[in-house]
Each structure stands twice: as structure tokens, then as C-alpha cells.
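Okay, so chain A shows up in both of these, paired with chain B first and chain C after.
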Partner chain A sequence: MILAEALLLGGMVLFVGGMVVAWTRPTAGGVRGSFLLGSLGCAVAAIQAVELLVTGTAPSLAIGFPGTTTGVPLLALSIQEDPLSAFFLLVVAVSGGAVMLASVGYVDRYVHERRGRLAGLCNLFLLSLVLVCTAGTVFLFLVAWEGMTLVSFLLVVHEHHEPENRQAGLRYVIMSHAAATGVIASLLLLAVGTGQAGWGGIAQGTARLSPWVRDGAFLAALGGFGTKAGMVPLHVWLPGAHPAAPSNVSALMSGVMVKMGIFGLLRVVLDLLGGGPSWWAYALLALGALSALVGVLYAIVQHDLKRLLAFHSIENIGIILMGIGAGLLFLNLGYPALAALALAAALLHTWNHALFKSLLFLGAGAAVGSTGTRDLERMGGLIRRMPGVALGFLVGSLAISALPPFNGFVSEWLLFQSFFAAFTTGSAGTEMTFSALAAVLALTSGLAAYCFVKAFGITFLARPRTPEAAKAAPAPRTLVAGMGILALFCLVLGVAPILALDLAGGPLRELTGTTLGTGVPFSVFSSLPGPGSVSLPFAPGLLALLLAGVLVVAWAFWRLRGAPQVAPGPTWDCGMDRPTPRMEYTATGYAQPLTRIFRDFYRPRDHEERRPALQPGWGDLSRIKRWAREIEDPVWRWFYLPLSQGTLHLARRTSRLQSGRIHAYLAYMFTTLVLLLLLVRVVWGGTP
Partner chain B sequence: MSLRVVGPMVLLLLEYAFVLAVGPLLLSLGRRVKARSQGRTGSPLLQPYRDLWKLLGKGAIYSDTSSWLTRWAPAVSFAALLAAVPLIPWLVLPAPLGYVGDLIVLVGLLALSRFIVALAALDAGSTFGGMGSSRDMWMGALAEPVFLLVIFAFGGPAGSTQADVIAARGVALGLGYLSPPLLLAVVAYVLLLLVETGRLPVDNPATHLELTMVHEAQTLEYTGRDLALLEWGQGLKLALMLGLLAALAVPWGLATTWGLLFLLAALAVTSLKLLGGHLFVSGLETRLAKWRLFRVPDLTTLAVVLAFGSLALTYVVGGGA
Partner chain C sequence: MTSFATLALDLAAASALVTAWICLVHRRITALVDTYAVQSASLAVTEGLIAYLYSAPDLYLLALLTFVVNALVLPGVLRRVVRALRVNRMVNTYASVRVSALAGLGLLLLAILVVGPVVPYAEVSSAGLLPIATAILLIGFFLLISREKAVTQVVGLLVMNNGILLAGIALTYGLGLFVELALAANLLVLAIVARIFLARMKESFDHVDVDALRSLEG
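Up next is the complex of A and B:
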């Protein structure tokens, strides 16, 4: 179809236009226009993705040489969309468009220097994300992948005058490139093994590959894409890089870019390799459960708002990985319909997380921008200064805490159902495994709710804790508009998830060969479609109707009894004197019950500053002047620091080879060449 | 409208009336049992209704620190609990609007109700509110895995997470439904009920010492109608948790055919089950002192172990005939 190609190209041209405008006219108007162009580009791309998912018309563009006619098929460049790419394109485009719209006013107010560069890079970032989704060949995918990494690195270090940001950027770029090795290795193993460059061709040839090559490709993909997704223990770049970037970029990175890791994993493991042995599934399930728990446990103890949100991305990636693992296991056991259920949960949660995490980061950006701090303990009372932002953040908090009637609940509910479906397999081991995973998922969502009462409550409620928070400027209108779009999506996909499930039908068929609710029509108010032609015991539309109905009845009852007399008064607090902001519950205090019972996990280090007792006999408590608790991620200290020190040590040892004498270098080259030739001879038996 | 539409709707309204009415009665029954065990007479059984009526007629005072969240929270929390009523079979099988959701949806609605109240507790900026909020969310998080495992333990043999399907299996099996795994799951559920509804030894609903409060500390700033909704909500939640216990553990007596006589019988049986269940829980409460807050994880861990035990035992002895 010409229309699909025109839409896709049009979207890309708009991104390029946004870049050109921002870089040639970095004035306030130019920057605003640039963001608007990016937002428009996303809208166009979203339309194209929906068109493909609904009607199945895929755009297909070959760039330069079409590969088959040249001698280097691996270098073929073409854009080729299938339902899986379209679904992820939609995920990118909806969140991306809302974030770009929100950036229009946000950047205007908060980032004065280098904002032209920021706007241009944001457009370039979106272009690279769109290319990652739509690339039809290995080579173009790798180019786009690398572009995405480099542009996001530039965005992370945008505020490079802060040494902390530079360090976070460095950590990010090093880990990303280590991960890129995995991505490249995995895809090249498959492409070379099958002799194909396009996804379709590779997928047809992978069944013939030896189990060793398939296992290698799986492990390399798990490491490479897992790092990008923020899977524990490869997550350590994420809590540093996301807070370092400007908040609209954090929204793009945490909401959208992280999902590309999931996309890559689905592409390689399910689409190209078509599933595998059960240990792949168990590995994904274990890593997913670990990521979910570690992510949420560290999120709760953060008092940096953006870091807290970043840890929640790790948690949600864990939830998605559990869904993928469950799907893989069901496929392996021969239950494609159940696999479709688990993968539907994973796909839906991917989209849902993209929506509410972008929403939350935009809200955090507004709070951080107007108070000038990321520290929760220095905020408070913002609900009155920025009611729209507070409402949006509240919707995001409800959604990420998996509470009905919002979208996060639906995808986690589907995942619970797919775990429960293990009871139909009749295998005791599988059932117990999935019961344990359900317990982990339940604990995770309970802790997420705990964390978001804290995050919302300490940031937006009670009285401002600092003069800056009391004077916080209201948020720009476009920012509230961008948040409003995302919040609306969170509600609509929670009330009518059937819309998202319909769109996920194509990708599900592509990944598992079947889809949910085959052959039975489902409406907004009916129960959700389940595996095969059965339906699942949940009608989200009806539940929302019930909730709304009860509220309306309550409201009518209110009116009938006459409007209540409402009087303002001071906070009672059991008759204490009017409480001051210093007496409010702190973020650290809020999380204290948890840090106490998981002391051995957190190993907190407490810092106390003491002074002489205020009055003799007042006891120990009055001598504590300041008290702070520090909790750091042990993975960094116990895994990455030794690793980097070991690498440096090895490098120093190796550097002795560099003698500076030319003839020595020539000898090295000759030896390497001989060794490589020998290797080729041994591995390929003389026919390269 | 045909009888097929009107019938279930009338029945649903009847169930709503029943649950709304029985909630306060359960609260006062618990107080009565405790008072008697301490040698006091206790307040009249109808006292909570009078309190609710009085509070509903009053205006409200809102802290000048608080925002719109404080004003909306009681209604939303109450609505979430009300929306959970159709998910449980109270009188007939299948439940009239049971297909709205399963027990995992019930968990979600209870969590929504808790979340909103905990947020509002932070709104006025009072220290006690923050303390209660932090503790309640913490306990809720620890209770959630227990809830899911219990659902899996009850639902596994029935192949469904829907309360009325599980209950229908029990009714169909008769006494053959009773089995060792069921017993373990019931014990785990009772522990969960203590945590979820804030009973001793976890939380003392009758305490007057702020520092030991968990749920009560969150409602300290509320007055008038809002307080009435929150108190009523506590009764409603108790009724929901006990009603679920009745449906899952002793499903016999639920009507499987429509008819006035059957309905009346089911009403009597369900009331007896709820009151009996609460007498048991209150009796348990009189035998226990309040635990330290940090022993609550012991209780939830025990419940997790029991629920897992129930799941594992199913493979050894089978989940009922």
C-alpha cells in the first residue's frame, strides 16, 4: 500500500524537520516548533502502526541496494514491518508523541541553555527508535540500535556541568556498548548461520541451526537486550542514567527506550528462534522475578524521585520478562493458547508501562523543575501549586500500583491468570513454580502500592517542606496536556483493554501461531477473551460501570441529605499543637518498616550527627541533630567494581606487550593472521 | 424488561442491602464478645447503626492543610468496597453479577480502597496519619502474596479463580469437598483475615493509644459523614472477608435454584455463617494480646507456608473427591 509507506516516511520526515528547525533556529519559537513537529511525527507513525495492526497492510521500503542483487546480502538495508514491529512502533509513538507535546512548554521554562540541541536530539532519538522498530534487516537494525544508544548517551549528559551526570553517562555508554556486543553477536550468529539478512528469511532457517548456535544466540540476546531493558543484574546503568537526563528525556528513555530491549528479546527468542528448550524459559522467569523484587525493594528506599521511578522501571521489566518466560514455557510444553495468554499479558504490560511511566516521569519533571530538587524530603504540598500535574501523577501511581480501574491492573491480572492456567497442565512442578511466581508478583505489586503512596504523598500532599516547594511555579499548559493524554490512555486501556488486546492479536499470532478469544466476538462490556474460545472471569468495562454507578448513587444520597456544612480547621493530630512541616512523616520514615524487616538485604548505613543534650535528663533522643540513612545497590560494589578493577589489572598486564618496537608489532600481526587462518580451517573445514 | 434481567438485579440489590446492614452488626458483635470476656456488659448491639446515623447527619471539618483528595477519599474507598460485593456469592449460585470479576479483582479492589485511605492519611500533614499510612500499606504489601496463594489453593482444584465457581464445586461435592489441603488453606485464610481487617494480634480496632494504631490512625482527621463512610467501610470489609470465607470454606446452604423459600433459607444460613465466623474471630481476639508491629511478618510468612503446604498437599492426597 502506498498510504502506509507515505505515513511512515512522512513521520520520519517530520522528525528530520524537527531536527533541522531546532538546529538552525534555536530560539524559543524554533524549539517549540521542533517539539511540535516531533509530536506530529509520532501521531503519524501511530496512525500507520494502527493501520497495520488492524488491516494488515505493511509498508515495505528498500534503501539503497536491495541486498539480493549485491554480493553482500548481509548489508541489505530495508524497512519491513510485521505486526510485532507495528505494536512496538505504536508503543513508541503514543508515549513519544505525548512526551514531545509536554516538552513544548517544559523546555521553555526550565532548560535555558542548549535547548535547541536538546530539541533536535529528541527528534533524532525518536527517529532512531522508529527505525529500530521498523528495520527489516539485521544490518539496518544494528545501525539504528547503535544510533539510539549514542543519541540517548548525548541526552543523558545534556546537563554535563554536573560531574554526577557525566559519571552516569559514562557508566551508561560503557554498559550499552558491552551490551551491543551481545546484540551484534546474537544477530550475526543467526544471520550468518542462515545466510539471510531479513527477519522473515532468518526465521525460516533457524530450525536447522545446531542447538549450540541457538543457545549461543539466546544467551547473547539475553545479555544484550537484557542490559538495555534494565534486567537485574545488568541494570546498574539505569538508576543513574535516567535521573541524570532532563525529565522529558527520562520519560522517553524509561517509558520507551527500555521497551526496545523487550522488543529485541521477543524478536530473537520467539520470532526468529521460535522458542527453545525449557531452560530458556526458566532463566527468563528467574531473572524476571529477581528484577521485579530487587527493583521494587530498592525503589521504596529511594528519596530521589527520579531514581525511585527508575527502579520501578526495573521492577516492571521484571514483570514483563516473567510474562515472556511463561509464554516460552507454555510453548515448550505444547500449549500455544496459554502461551498467547502469557504473551498478551507481557505485550499489554509493555504498552501500559510505557504509558504510565512516561506520565510519572513528566509529573516528576514538573515537580523537580519547579522546586529545583529531586529530593522527596524537600518537596510537599505541590497538589495545591500544580493540581493538574498532581492528578496526572495520581493516575500514574494508581496504574503502576496495579489498581483497578487502570491499565496496570489489567495486564498484571492477565499475568496472574496465565500463571493460574498452569493448573491445566497437570504437572505438579509447573503448578508449584507458577504459584511461587504469583506470590512474587503479588508481593511486588503490593510493595509498588506502598512505594507510590509514599512517592505521591510526600511529594504532593501535606505542607511544603521547604520555601522552594511553597513557591513552586505552576506547570506549563502543554505539560499538563501531555500528561492528560497519557492519563486518558491509562484509564481507557484499563476500562476497555479489549482495544489493546485486539491490536495485540497480530503480534500474538506471529509469536505463538494463535491468539486470544479465537472466533468469538468480544465487546467493551463483555468478559475478557481467554485462551482458545473461552473467556476469562473479568469484565473490566462492567467493573468500571459498577464503580461509577456506586459513586453516583453515593453522590445522589449526599444531595438528598442536604449539602453538608463544611468548615475548615487546623490539622487536629490528636490535639497536638498545629503540626509544622518538620513534624510530617518523611520518605525515609515511611519506608522504615520495610528497611527494618529486610535489614539483611538492604544493609543500610546510618549516619548520626550528635550534639550535647538540650537539657540534662532529656535523654539520648534530644542529642541526635541529624540522622540519615544510606542504602546502596550491592550489585555495583560486589560485582561491577571487582569486574572493572580486574579488567584494569588485566589491561596493565597486557600493556607490557606494547614495547614500541615496530618489528614486534609486525610479529604480532603475523601471528594473529596465522592463528585466524588456522581457526577458519578448523571451524569451517577449509571452505570459508 | 424480562425476568432474566430484572431477577438478578433485584437479587443484587437484596445482597447489597444485606451486606450493608450486616457490616455494622459484625463490628458491634465483636465488641460485645470482647466486653463479655472482660466482665463488662458492652454497648448495645445496635449502637453502630445509631453512631452511623448520627455521623451521617453531621457536617465535616477539613484541615486547612488538606486538599481535594481528603474530600474524595472516603467515597472512593467505600465505592471500591461496594464494587467488590457482587464478586462473592452471598445467597445464590451462580452469583447474580459474578462474571464482573474473580477473586484477583477482589484483591485489586481491596487494595484500591486501602491505597486511597492511606494517601488521604498523609494529606493533612499529621504525624499519626503518616505513621498509620506507612504501617497499613506495609502490612497490605505483606498480605498480598498470602491472598494470591490462598486464591490459587482454593481455586486450583476447581480450575477457576471465581468465587462462585469454587463454591459451586463445593456444593456439588458435598462433604467430599472437605480435605486436608482445604483445611490448610482455610487456616491461611483466617490469618490473612486478621491482617486484612486489622484484628488482634495485628491491630487493635478498639485502641485509644495513638502510637499503637494502624488503621485508626488514618481516620483521625475525619469527621461527620466522611468518618461514617470510613467506619461503615470497615464493617463492609469485615463482611466481605467473612463472606468469602463462608463461600470458600463452607459453601453448603447457598441456593442453587431460584425461589423465595430457597432465598430465605440461604439468607438465614449466610447470616449464621457470618455471625458464627465473626464469633470465632472475636473469640480468637480475646485470647491474644497485640503483637509488636515487627512480628506481623511472622504471621504472614506462616500464612504463606500454610498456603504453599495446601498447594503441595493437593498432589499427595488430592484436592477433595
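Up next is the complex of A and C:
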């Protein structure tokens, strides 16, 4: 008992220590020490989370002023963990710890200004994330939530000399601000409605609330937490903010912070409200499917590496939302075991995405830092300059493309299983919904794989496209180490997902009342537990063994036959010239077939620069000198642009009231007074 | 005796109302200030009569105070301002005199319509003082917004203040002496501030037309 509290407090003290070190000694050594302290803090927090999930000992700390619990109950502050908090704390701590370790070298090598500030803010950021996870009362949660938003804003605008970054930061802080009103409204509705401040107390009282209040709380939570998670159409801050931030911060934001939106949704919708009418579930499913498709389709056409990864975050959030929506629907239909399966997929995918997205952002950070550009068209050949980073990025790419034996495959496969299980419910509407959703999920996974062939291939393979890429410095060792830890987790959770499922058992029981594989023992090499006592037809451990066996056999075969003779020769150059990097596949070219298929969706704007034909009859091709394709987010054009222009228009109309004449202002008051008097006369008939 | 006093109270209150209305139709600033003085004097008489009728000795003091401050001192200050600043003696209006006069009648109607039903609940009910007070207040407000010059606006504000004073008495037999004293002191301060303000405006812009503030417009 004491141990859990000591661990949690210890982790927090380490973060504070990291902050103090970074701000008092902003030297290279101080910054390194600060990141290491943060990494250590994450490790301690992770141990505490695992302890809770395995043994069930929860730390409980009341940050009390005397009388707060009785005097102003809604302002009570306490740290109180339940399995759901602990699971997300684990997600935060594992990715956070690896990223902080990687930051030691990353910041040392690639960040040239205000490193102390960056390190201190990163520690503060993790502290706020840990508090968001572990807050036991509404008020502390809201404080931590706002703190997290503010600190992440400061991190986004760390390189504020670039106007682009400032704009992205502004957009981020405005949207977060709007989202915070949703979060605050939702939680206060529930807290005031039930008269409780702690999660447990609220959860017991929500059943008595009127349906209007419950719907209101759901919608406010969907808007507020959905914005933080990057759900379409509230995602527009995300593709700007992630590229603007330094890459280690992008890894934290995309890998970890975005998950807090999922955490909040699960907390409010399933834990506090305990599920709801089926339209909630359909709303989540629809928004999830939309996010998944829009995210991956936009990712494909990006040629900014970090923007591409940011759009993939939207895609994966969509997949997680589909899992939550499916769970909610199954609960509503009375199938808690199926709900547990869908939510297990969602929880697992949350953790998996935190792992491989942090990994990918760290890899992107190394590539971007050493070439000085985020443009894919200016990279290439980095695998020879930084093999460790390339390997890590490859593992991340395979995981996010949902290929075995990595973790992304397992969670998406589980989600498919839950969708297919919907056919046992025997309702035609549900069956059709889930057929469509399975198709969306399949398309999404396929397109993600397509996209990561491009992301990995254009960045790391072929020949360097620019001198900077050719001269890229090898990545610092701690960066590779941080990536290594994350890659290892991706592999372990892909080979032995039973470990993660065991840890997710507590939260699942908390959310659905049941868990996977009840009463049947499962081991690393057995098939995965399914709903109830059923087991699913997939044994990832065996599959991994099989794959390893194939590799061993192939290697033995290769050794027995003797190494094949490799004769290097020139690449065939179509008879034109010596091959140059300009002849390589470009990112835009690679995405061309899809841009063509989804032309109506993308509405690309092509820019051509022409010159006179070299030879008469050579056709159009030789006349195009430069060619560029521009694709902008239609959500921005159709939703946000009219919104902002309408607001400006209204503001301009209103500003005409501001004549600057004192008489006019007095006349407004006079008119208001007279009208109010008349209103009193009309409405109350003059009787007071 | 009492019935005569009641009649006199009605007359004094009506005089306060009519003089307030006359403020709307004046074209010369000095005449406006004089009318304000008469209005304040009527108010003082009203207060004195209420004090007599309802045997509230506090109100005698208040009546005296109103007479001295509102009827003598403030008009005096205003006259000196007009002389010292050599303000154009004409009242410039946004609403013509005719429209103003009609608007004044409309505001009286509104006051009777809205406040009339409340009268039974007021403390001094016989004279129907509350609608009169409200009408004076509204007329003062209208004066404030429909006149261009700062001096005339100050008069509008003072008329409003008289209305508020009367309303306060009508509702509560007087707001309590100390509150009244504070109010009177406030008025004096207001007058002094207005004087300084006008002098500064005259220095800086060479006119006291509030309209010139429009140049501040973004």
C-alpha cells in the first residue's frame, strides 16, 4: 500500500527534479540529466501502474486543505487510481520514458536553442500527463488537463521564430481552448448533477440523472475529448502542431497526449455514465470510421514526413474510436463479453499506437534533424547513414501497417474479430453496420501499409536526393536506445499480446463488468482469449515461432548452398543518361495512383511550369519543367473557413455599433432601459 | 391643513415634473440652467412637504441641502462655466425641440404605464410620486443623449439625479440621512470634476463638443 504511494510520489518528485535541474543548470550536462531524471520518473510510474494492474493495490492521496471534502465538495483534490487510470498511466510511462531517454541525444544533437527550457517543459508535460491519469476528482483532473494543454502549447511553439510554427501553435491553443469548454461542461454537469467530486461517487449517481443531462454530458465530452484525440472534423490542429514541435515533443504529443482524449472519453462515457443509448455508439462508430479513412487518405498524399505521421495519428484514433463505439453498442445490446472484446481491441490499440507512433516520430526526428528538412522529396538513402534508426523506423512501419509479428496486427485483428462477432447478435442492422465497418477497417489498414512503403522507402532507401541527405550524421546513441526500447515493446506485444491483455483485464472489468477468457488459463503460446470462455483462433506466439523457424531454415539453406555471388552492375537507365537521384520515385509520384482514384475526394490543384517543346512531335511531356501538386484539407475549406469568415463578418457588422460617439452609447443604454420597462409592463402586466 | 399640504405636495411635485419637461424645450443654455435651478427648488419644496406630512424630520435637512446644493450652488457653477468657457450659448440638439417635447410626453406616459401599478406598494402613495420621479429620470436621460454640448449633458445628468432622489424618497421616506449627505457630496464632486473636465476640453480642443471624440474611432 505504502509502496504504491511512494512509487507514484517518487515518480512525480523525479519529474520536478528534472524541471529544477533543467531550469537552474541549462548546460548540456544539466539538460541531459534532466531528461534522464524524467525517463527514470516514467520508469517508476510504470512500475507503480503495473503493480496496480497485477496486484490491485491502488495509491490514494488526498491533497487536502482541511475541510475541503466537506466544505466545498466539488473543489476536493485527491489522487485516486483505478485500473483504467493505471492502464493509461502505463501507456504514458512506457512511451514517455523511452522518448525522454531518446531526447537526451536528440536535443543534444539537433536542438540548438533554449535546451534547458525544452527539457524542463518536457518534464512538466509528463508530470501533467501523469496527473491527468491519476486524478481522482473532477477539479484536479481539470487543473491537470489545462496544465497539459498549456505546456504542450509552449512546446509546440518552442521554435517560434518560424511564422508557420507560431500559426500552428495559435490554431492548437484556440482549438484546445474551445475543447476545454466541452471537457469542463461535461464533467461539471456530472459532478453538479450527482453532487460528487470523485469518479466513484459520480459513477454511482449518474443513473439517476435525466436523459437530457446525460446526452449533454456525452456530447460535450465527445467534442472536448474528441478534439484532443484528433477526431475528424475536430482534427485540424493536429497536422499543424505535430510538425511544428521538436520531434521528441511530437513523439510525446502524438504518442501519449492524444491518448488522453481516449482516456477522457472512456472515463466519461463508459465509467461515469456507464454506457448510453445506441445513438451514442453509432456516433462514435461513424466518427471513428470517418477519422480512420480521412486520416489515412490524407497521410498518403503528404510529403512532409512529420505531417504524414500526424495524419496517421488521426487514422489510428479513428480505429480506437471504432473499438469504443463497438463496445458501447454491444453493451447496449446486452453482450458484455463482446463489448469486452471490442474494448480490449481499443485499449490494446491505444497502447500499441502510443508505442509505434512514438517510435516513428523519434525516427522521423533523426531523419529531419540530420537532413534539416521535413520534405520527403529531399531525403533518401538514410539507411546507410543511420542503420539503427532505419531499423527502428521499419519496425514502427510494420507495426502501424498491422503486419505480424508486431503489435499493430494483434489489436486490429482483435477489432476485426469483434466486428465479425456482431453476426452472432442476429440483428440485421447491426450486421450491416459491422460489415461496412470491417470494410472500412480493411481499407484503412491496406492504405496504411501503402503509405508506409512510401514513408520508409523514400526516406531511407534509394540514393540521397540532396547533398544534405548524403552527408547526414549518424544518429546519437541514446536516440537509437530509446527507439530500441519502443521497437522491443512493439515486438513483445506482437508476439505475446497476452501480457497486455492481462494488464487490460482490470480496466475491462471496470468498464464492462467482465473480461476476456474468463476462467480459462492462457499462456504465451496458446491462442488468444476471446469473449467468455471461448478462445480466438490465433496464437501469436506460435505464429512468431513459425516465422522464426522459416527464417532459421532459410538462413541454414543459404549457409549450406554457400553465399551467392553478388556482381554489382549499373542500374538500367532507359538508355537516357547516367541514373541520377532525380530519376528516383518521388513521394508525389508514388501517391499518384491513389490521388487519381480518390480524385473527387482530394480535389488536387496541380501547378505546371512549361517550356517550349524541345523537339516538334515530342509531345507534352518534354514541355513540363516543374510540376507540383497541392492538396488541402476539405474539412478546413468547407467547415472552418466559413466558420471563421462568418465570425469575422459578424464582428465587422457589430463593430458598426461602435461609433465612438458618447451619445450613441448613452442612447443604447436609454433604449435598453425603455425596452426593459416596456417588457416588464407587457410580461408581468405591471404587477411586481 | 393636511389637505392643503397634500394639495401643495401635488403641486410641488407637478412643478418638478413640468420644469424637467421644460428643460427639453430650451434653446439657450443659460435658460436651461435657470430651469434646472427652478426644478431643484421645486424638488426641495416637495421634500419639505413630505417631511411635514409624514413627520420625518430628517427630510427637512435633506430639503435644505437640496435647495442649497442643487438649486443654488450647482446652477451657479454651471453659469460660471458657461461664462468662463465662452461656450456658444445655443443648445445644439440631435432631436429637434418639437421632437424632444413630444418624446418627453411619451416618456411620462411610459413612466405612468410602467410604474403606475407599483404605486400602492410605495411608502408615500398619495401624490403618486413614483411615476413622476421615474418620468423625471427618463427625461433627464433623454436630455443626456439628445444634446450635443457637454454642459447641457451635465444638466441632463443632474436632472436624472433629481429624479433618482425623488424616487428614493417616494419609496423609502428618504434613504437615510447619511446616504443623502454622501449623495449630495457626490454631486458636488461631480460638478467640480465636470468643471475641470470642461476646462481641459476647452484648452485641448477649443470646443466642448463631445462629438469631437469621434476622432478616436478605430
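Criterion: the second predicted complex is superposed on the first by the 635 of 688 C-alpha atoms of A that agree within 3 Å, B and C clash if a C-alpha of one lies under 4 Å from a C-alpha of the other, contacts with A are read in each partner's own complex, and residues count from 1 in each chain.
As a convention for this text, a residue touches a chain if its C-beta (ideal position, glycine included) is under 8 Å from a C-beta of that chain, and two chains touch if they have at least 3 such contacts.
Just so it is clear, the model here is predicted, and its values are computed rather than measured.
Residue contacts after overlaying the shared chain place A:His663 against chain C, while chain B stays out of touching range. Of the two partner chains, neither chain B nor chain C is touched by A:Ala326. Contacts of A:Met260 after superposition: neither chain B nor chain C is touched. Contact with neither chain B nor chain C is seen for A:Val249 once the two complexes are overlaid on the shared chain. Judged by the touch definition given at the top, the superposed model places A:Val674 against chain C, while chain B stays out of reach.
Comparing chain B with chain C, more residues of chain A are touched by B.
Comparing the two complexes, no residue of chain A contacts chain B in one case and chain C in the other. Of all the residues in chain C, the ones that touch chain A in their complex are 94, 107, 110, 113-114, 116-118, 121, 138, 141-142, 144-146, 148, 210-211, 213-218.
If you check the complex, the residues on chain A that touch chain C are 655, 658-663, 666-667, 669-670, 673-674, 677-678, 680-681, 685-688. In the complex of the two chains, the chain A residues touching chain B come out as 380-381, 383-384, 387, 390, 394, 398, 401-404, 409, 413, 416-417, 420, 423-424, 428, 431-432, 435-436, 438-443, 445-447, 449-450, 452-454, 456-458, 461-463, 527, 537-539, 542-543, 546-547, 550-551, 554-555, 558, 561, 564-574, 576, 579, 581, 583-585, 589-594, 596-597. Interface residues of chain B, counted against chain A in their complex, comprise 56-69, 75-76, 78-80, 82-83, 86, 97, 99-102, 104-105, 107-109, 111-112, 114-115, 118-119, 122-131, 133-135, 137-138, 140-145, 147-149, 152, 155-156, 159-162, 165, 210, 220-221, 224-225, 293-294, 297, 304, 308, 311-312, 315.
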